[in-house]
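Two complexes, one shared chain (subunit A), two partners (subunit B, subunit C).
This part shows the complex of A and B:
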């Protein structure tokens, strides 16, 4: 089949690039694209960023949280990450440390600065609201390809950009979602939009990712994420700034002792 | 306490250049109101009390591998001169190597996993007059060497200088019939407060298990109180113990156990062991509810230097996970030998971005037959605290 295509006209050759194999199922194609998205994301070694989270309630009232995030890439497993809270002031200095895993449950610790206590916490709670926002813990955790199965739906145009529309099904049994529909930019291989369906399979939230910045000519990162809750009409805007990559952090910067040394 | 003033002066001077953004800062100023619902059976007759406390933590890098933390604390209390006090929770220099760390100065250390009582947590003296929370600790003079390993850490302490536990004075509440005579504390060691204590702990993580093992030799943090004149007696103690937590999805299994020995006490064992189960997102909401139960045991039973010789904690923890981080914890510790109950409730909610309101209540009940708890039957209180955070 392939040989026939190669000898045929240019039109057919172009077609073979966008549809690589006729034998590929929708499931395989979805997985393949998410592996490409993940590969595009990989190889950064480590990163740090500042985050500003703006919670907007139904009447438009805003409240702001500020955090810093540190991530360490781990070969053949989920990343190690740390979130340090700066605002609101009553949680200043509080930090979380997460070892995410592709197969076993994630490991997670919480640092309480007033007590100087590092507390191991359950990582089971994926559906809970992160800092009272519209982001659940599972939305902001390390996104590992293995945590979902996939199904390719269609090619579409999203605001004039050619995208892959792919459905993802969480493999984690305590996920708050039955499925996620992602719109992946075909050219840059980044997610532009995700729709989250709740346990009753009703649209719960829509995440829009924008202002992508190309870092070190390698990794695309969104500078802005907006999560709108379709059911409560509340929304949260998450903005990233001061991205730094390959700063030379190691496992030692992601130990429970390092939580006590954050400033 | 007086020896602290020069240190506080130094820290105040050091902080005058805090305007140069070199210092990371955080802290709070809290206004507290307490209402006592019953008339006391002792000399402190007030039915309410006002106080203000402040806590700050300043931190800066010194050179490439050095770091200095300074945490002053103060409280001014309407009735109790003992509760009006200052302390340096921390004044500590840290030097970090690649696989080790040295901490020298006044420090604060937490060991333990339990919710009701951390019996392994022995490095710092409790600032008990501040309340029961494990955050209220007096700064402990220490030289600490920390060895960082792939599997965890080894922490070694030399502790020169002892801090006496704080207690309510005759004018303060809540307290027992006789105020503790802190001016006439006695010691087993002739070196009294200058006895040099030593301690070490090995801790690490193996999958879902967090494990710690410790030894301590030196002056006991918890004094024996004389029945005759209410003077505290600080004996020499050798303690070994473990703390273990297993984190299994919604279940947390927690155990702390210590063995205590010394020439002035009977060898004995203490245990705090229990489970915590969490229901996440109850009824499709954002609310989490945790159920905590812990058994507190001391094998000295009748002679135990603790109210927790055979007690059971049952508590419910609520987290609303809302914008204001509203939380509540209600519970009861019951003496399984019929010595009484201690009910407690606390709740907190953020107000705006800078303030937080906390409410706390303690009620002692059914303690008529218990010589220790019975003293607190008239000491029930409700406390309101408004904190400003920076």
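This part shows the complex of A and C:
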């Protein structure tokens, strides 16, 4: 406990939070750690990565989808991100562009090569299965600290790693979850596991993040994310490769017009 | 030997009683392990092809176990602010149902609107309190024009709406789960899960009724049906068993006119039931409505054993024999016949193990056990008990024997007439048997005293039913659901199915495709058609999937690698014949018009459609084996091949005639009938054994003429046969009052068959014996008949 208090105190000092650590509530402590996690994520400017998504059904049958992701860091707001689909062949070239916002609803555009048009999509509720997987768009979209309120639960050991167990409550009315429980690696400040609870507060899915890679000595990125649906027993594995950072992309690369020019 | 046994038994009578009571209590304690099933799938064996196909479908897509809450506002329209507020609220609250994974209603229906290149995907009804009348009118026209909703979630007249809650229950318990503690096991027990979901829903709907008194609610769905099984069992147990005991008490008092005999019979019956059900508990048998009818059947059969023993005992006592001697003598005379009839009855019931439907294995095994226990109790416990009880036989007052005498005279005098008249009747009714039509409407397995049935009838009538036939359409390639050729075939088939009689609703992915195509083209109605190329369809689907809320995705319609789609047809409640026709018609049409996607129907409806035929075929083997075994026992008991063959007629014909009578009275048979032949065979054979063994004894030991032997047989066993037949018929008539169709049909048909068997044994059999057993067989009359040896007091 002493160590924990010390850590909190140090963190509080470094973040120049005026509230003395001994008076910190569980809510404040949870928020604080997530801010640290977010800070650990920041400063990469932009990134690209390849993604392989493997869907596994109850009987173990697998289907594979491939896509690429591009992200642009935006100061004081949510990131801009783009997903370009490569496989299956029928959807090759389909791309989405998302501006996530901390305050208002996200904006989203979709380019359909078959139509050769960019559509602006307005949908409040993106909690459904993403490409038939166990991931909701909500789960892989940009995770902004402001989208949740937090509560620190306890310090725990997860597979021999000291973690913070923190509960997060979505502030967005149309979220598919009542709460999330995250297990944050105390040392690296990355999430190792998240449990998603559905509207009746029953465990719906468990996300395990692993194979973290340290990029440019700054940002930790998981190379593997596995989502297991506790209710349907289906699962999806999302693997990331070819991470590249600070490639020099700009706002122009993330405009709705740019969607058409992708290849 | 039996005399020695009987004497020893009476010497240790108190010990015998004590042992019986202790053993009964010990075994009966297994009753605490008995659990009631609440899964209709138990009616199908693990090898049932329709079950396998259905489980495959469930595995491929989201499961379709559902709860359906129908809402009928008194205002007469679903589309007013108050009702729409209720729909939004109830849709939201329905997510709280335990194990729910999806809730569908007209309010959360994902409506797509297009304005230029902006596409909006949203709930059809949101914040209804803020809506202007025009907006409400718009919602109404959208809902009533949407093929996915009309006659599924909203009636075409807009008067009723429904909330469909899909639940995903835990998988059946595995062997490993038996190692868990009770608390841990209960958490993953699908039966408990289902009951939890149903209890919650009932309470929730009660809450809705309080909150929205102006709306009429009805709950149905597969989950509701499953939970109706244990409830039907419980209702039956509460009404049928007391009724059956009453029949026993009144019957035995009336025929034996002896209170202590009635007490003895009730105890034997009670113990037989306790022992059999206790054993079933120890064996881990799960109770289904058919298996739960076992106590009534055991009760009925056990009475017959007691009556045989008690009739002889009381007769002896009335002939001034001291009580214990009368008991020993009755045991000596009845031990073998009771043993034989118990064996034949048990064989009949055990042959139910050939059935394709596991609940009938359980019924057969439990009753066979019960029959065995009843035998042991009536030759071990009952004599000891009678010896202890202050039984007194009153002076004989009845003139039944003289009645039998007169009847025998009549049979002998009119033998030719009886023979030919009965032969004609027997053949006539038997030929009527195939006129019965198989009909297994699973919803109608429950009669209208069961709330589930009433609710389902109403919901089916006003909105949409539980009769859902599904097609698993395979494009043959990954991503093939976007192939325009495949989609065109599916659409053609969909259009065809819509024209068929009784179809209420067709749910198909093609509707989503047409709608998406229109939305992506600025809501232009000219684009309300299938997309023309494959990437376009695939990209529309990708867009759609990305925009949907949790639990409303397409996994219930498209499989993981997008090679297959599920097309579901909701029908009015249909007879088995109509469903078979539908299946044949659609298959033929697909083979001729869309051979690439031809697929058989599947789902619960399809499973029940084939269950009777499969069972009849599987029971043919079981019934044949039972017939062979029982005939062998008869050959052995009667010591005559000739009489063994003669006995086949009165053993087999009653069941055939029973079906003939049924064809005239009811005309429709269900799954239950497949086991009735084997079951009644073991019972009706008892009459033949009793009658023929007495007849043969008269012929062989006493050298009587066939006429005299017929008279002798009537005099000795006539009354007992009439009494046991009445008791049996009454017992099965009690079962016929069951609220579960399989049990009530089984009960009524067995009762009819037993009565017919007695009529055949009392008319055709003696006449036939007098025809074929001319005095040429007199030489064999000297043969001793050890099985039914000593002369019985007349």
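Keep this in mind: the second predicted complex is superposed on the first by the 242 of 263 C-alpha atoms of A that agree within 3 Å, B and C clash if a C-alpha of one lies under 4 Å from a C-alpha of the other, contacts with A are read in each partner's own complex, and residues count from 1 in each chain.
Keep this in mind: contacts are C-beta pairs under 8 Å (C-beta built on N, C-alpha and C of every residue); 3 or more make two chains touch, one makes a residue touch a chain.
Everything numeric here is computed off the predicted structure, so don't read it as measured data.
Contacts of A:58 after superposition: subunit C is touched, whereas subunit B is not reached. In the superposed model, A:239 makes contact with neither subunit B nor subunit C.
In the superposition on chain A, contact of A:257 is made with subunit B only, not with subunit C.
In the superposition on chain A, contact of A:110 is made with subunit C only, not with subunit B.
By the touch criterion defined above, A:88 lies against subunit B and subunit C together after alignment on the C-alpha atoms of chain A. Of the two partner chains placed by the overlay, subunit B and subunit C both lie in contact with A:132.
Applying the stated contact rule after C-alpha superposition, one finds that A:28 touches neither subunit B nor subunit C. In the superposition on chain A, A:124 makes contact with both subunit B and subunit C. With the contact threshold set out at the top, residues 55, 57, 63, 88-92, 113-115, 117-125, 127-129, 131-132, 174, 176, 199 of subunit A are in contact with subunit B in one structure and with subunit C in the other. By the touch criterion given at the top, residues 55, 57, 63-64, 87-93, 104-105, 107, 113-125, 127-129, 131-132, 174, 176, 199, 251-252, 255-257, 261, 263 of subunit A touch subunit B in their complex. Those residues of subunit C whose C-beta lies close enough to touch subunit A in the complex are 59-60, 62, 95-101, 117-123, 168, 478-479, 482, 520, 531, 533-540, 542-543, 545-555, 558-562.
Residues 24, 26, 28, 55, 57, 59, 61, 67, 94, 96, 98, 101, 108-110, 113, 133-135, 146, 148, 150, 153, 205, 207-208, 210, 245, 247, 249-252, 278, 280-281, 284, 286, 288, 321-325, 350, 353-354, 356, 387, 389-390 of subunit B are the ones touching subunit A in the complex.
Chain contact summary for the complex, subunit A toward subunit C: residues 55, 57-59, 61, 63, 85, 88-92, 94, 96, 110, 112-115, 117-132, 136-137, 174, 176, 198-200, 202, 231-232, 234.
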